[in-house]
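First, the structure itself, so that you have it in front of you.
Letters A, B, C and D mark the chains in the order given here, with residues in each chain numbered from 1 onward.
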């Protein structure tokens, strides 16, 4: 059985494991105050262009999301998100648990637009009873989204300009950042993202690290005492250097970018194979996640050798299921899957 | 100028004020432990039929809503509400501030249905990743709703049965209870509501009291330590007897029911006057709130003598505005408004 | 039976009730946007000297306390308080419920000192692990305290200077402000308090109002969006003008000051009577609350005609009990109590 | 430089790293639903005797503590802890951030007693104003404590009996469990702890794992939906099998017990060396943490070759500093330190 159901089903990139073993005898300072975290942050900063960033390493995505939002907002402020956004749909109400309402915007591709954000801002500004509703103050977007789609540079510029116009913080969840940067459609760099957002994170867990997310804060207003927020929210790893070392390795070697780009290529081969058989997709994704619509019979046929992640069944009986490639995907696995698709 | 913009713009029903003055020299125990609260609760219980209820008096509606929800739910549990529900749309994120997500259901008349609730329940039960989403555990409805509509007995029975099937608490916000009970369409009694819900409140602020809401808890699971929740959430009035005395007066005299029913009658006269002139309504309300659609010219003409509450402007240029009658509305005011409508 | 157990056992000062009745036919705007709240704030500002204050009217003290603290602090920040402070000892964890730790300082008279505050500040600043502990950011004091003691001007100046040195907000809970200002020992004016603190409140509930507290915010950093915080925390009374009108009446007539000063005088007469009989006090209070130590026999003898508030029993068998005078205390009640004390 | 400042300064026990490398090519299910977590839990259960336990793997201690407490308590309930307890003194107000007050008990050795707990319970039960104070519902203890001391079996039995008498949950934080079980003074087994507490955790991070804590819930009331709480609080590792595999390895091989016991032996050799030189200790610890009092001169002399964790300076000028041994301590390091102590 080949596991395509997600992109976090193997330990870590070989270079990460090698680095870990090579340094296993070292002793390091605790809680992220150590040379590895410094080195990891320095490597990331090489990609950020001309911004003055604070970089923090946290363990996981949900934790990073609610820590950022809880740190940034006053109690009556809310965060705008796509209704399919991770903070809205997959985190067990973690944001609300910190006290904040999510204003969920409808969407069809995992993305929201500058126009939607502006409309929300104008609604609030135009209200006669502002103190009876929450005040939007942050916009959360993920890129790639939960559906594998990405924001293009022009879209992100428009959103960024809208956020700055209305005084909103723009927070980009890059849990799958590597797959976004590595895909053929992408026209954004990390420096662009750093310049256009106020805070974002570079996902490690799904992109070659064993675990860990690198949070980049560029807006000075969001920087003070952020380590206190991390600790309070349970995100401060005692052995913090494990995170710094992984990001150092992935960035210094370029493996972060290369491994994810390769996974995107594999995803395109799989996508092409499905398309060649006339299968449709729930959404047109240029990255490592593919949401294909299969007849129940085809779905079950493929599941004999492969594990995908069932999503839901359409009224016409077709199954929507997710195939993910990852930094760990083997070419032989892709060949097997393509062959099995062709045989349907 | 006659103020129709809301139903809380005058102090209190004359009988309430009279009782207050008559007893001003009395001294009473603090924090709701006093004879007046006992008497107020006893009067209310006469209407509740065969349930074993705990009755608490709180100061206001938002406070009552978040105290009930925070007391009832574990952190990962959510409350189902119409997206126009007061907890969702008018309370500055007070529910989220207590840590709980609201699952907002779309609606066109302020009401939700048993079918919508069942669909939500089934979605959760059918999920493969329950621990990644919030667990619905309470249903919040208001009746009358924020648009003046009411739940009929059959609707409430269906919702109640659905809630019991899925183990959801049913919480009815009766901020305008009196206007619901008093309207011509109504087929529910307080005893019906007590039997069909787990917790509900009988609004005083908008229905003749100076301020205050009477919370009725019928489900034993929701009763323990509720006074601790009230105190923690700032709802325990030092001079709690002021609340008990008001409800005693309104219920012992029947003024709660009579004054609200009269306001409903007045609203129907105003509604008829608008209809006679061919005006349409945003929604067909049988109670004291009327959301009428007026041309800008008509709207401004009426505002010369009357204050209504502007809601929004339709694409066709018509204004939606709210006219509320109340326990305090004078017949002469109604006559003036009807006359001014007729003159449009 | 004469009730001395607290200072909130009667409805309201006669002038407040008279104003209420006189204006019962008026209609007013909702949620504190009305002429009475403007007039009430204007009267209070006459006493505040040369500060630019925002004034808000809330319903009760616990609600005011947690709303102020939740509005002012970021999640990892804590509030310093005497361990006997109301927020620490009498509010069911309401402050912690908003997410904030209280750093409780030991004390023997309800008061804390500038030295204690400075020591706390230095402990934090000197810590090698600041992100593992909460950051003190606000100091909460009550005056009069829960034991009736007051801060003298020199003490408040020292605390204020310390808070400003360390960047702490100083919040004074004046639930019994009138009794503090009116006592013989007092050397503070409202203008002094406004100048020395960042936010404080003038208690109405215990000082002649039916209910309500007037919050005065002088620090600009604490002003933005405070009405949103009030609404979110359930403190925005629909009929907000009821609060403004009460404070207008109490301040425009001087009744706030006169009635409380009279209550202090009565308390001193009672205190003198106990002292003349050789009774000791748990604490030497110059205001309306007197915590006297009585033998069980004397305690029970007095309770035949009087209701005091039992506090605790000392190891030597004596009972500590509280006698409160109030704006509503009658001279004849004082005479009766003094006579009964003399007869012990 | 030899690092003795903490017990989490090296990656992981060699057997853990070996297992990790051996299984690096495996793919596994996400979020702790996998064979390794099952195996890890099964190994742990072999030590728990006759209890029906739910076992969950979380990433870190602070996270585990606040997730357990937030899951167990209603909003107005508080947790009793030593004032030196980790939840009280080292977690940036994480518990208060979930809304709960900690009732901090004074202590001199990191431990609290059954008598102190009973006194707290009786205080609450005897209160005339229960709804104005928080309700104690859980007792938190750590063993070993933050000072290296441990609870003996008789002490834990007394605490357990007291908790059961008053209906309190007993939660034991075993971040350093291995060092407690392995020390000469210990008379408790994991089965004893499972029988006497309601929930406890077996620390991995400080006891041989790379990271991770194994939470054991024995009280049925605390079991439902705990995975939802983990996810909501950011503690659900995407690659959850990494946690299960580590605990499987440490328990199946016995390394958890052996490596920690060895560290305790080393600590006793260091302790003996200090004692032979006449040095005193801040506290008499039988486990891997030693808090020694050194003259400034001796402290600085040792710091030339060794890194300890400075705690504070006594009025007499002596420094209190912490020396930790760990599963990773080398005998040669111990010999060096002992030699350097002897040379003082």
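Basically, a contact is a pair of C-beta atoms (placed from the backbone, for glycine too) under 8 Å apart; a residue touches a chain by one contact, two chains touch by 3 or more.
Since the model is a prediction, treat every value here as computed from it, not as a measurement.
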item	value
Chain pair showing more contacts of the two, B-C and A-B	B-C
Chain B and chain D: spacing of chain centres that average the CA atoms, whole Å	50
Inter-chain centre distance, chain A versus chain B - centres from mean C-alpha coordinates, in Å	42
Distance between chain centroids, defined by C-alpha means - chain B, chain C (Å)	33
Residue numbers of chain A (touch at least two other chains)	75-76, 91-93, 97-99, 131-132, 134, 228, 231-232, 236
Pairwise touch network: line, ring, star, complete, or other	complete
Complex contacts: residues of chain A adjacent to chain B	75-76, 78, 89-93, 96-101, 128-129, 131-134, 310
Chain A-facing residues of chain C, complex	31, 70-71, 74-76, 98-99, 130-132, 134-135, 225, 227-232, 236
Residues on chain D engaged by chain A in the complex (per definition of touch)	3, 5-6, 8-12, 14, 17, 20-21, 23-30, 59-63, 66-67, 91-94, 97, 205-206, 210-211, 228, 231-239, 242, 328
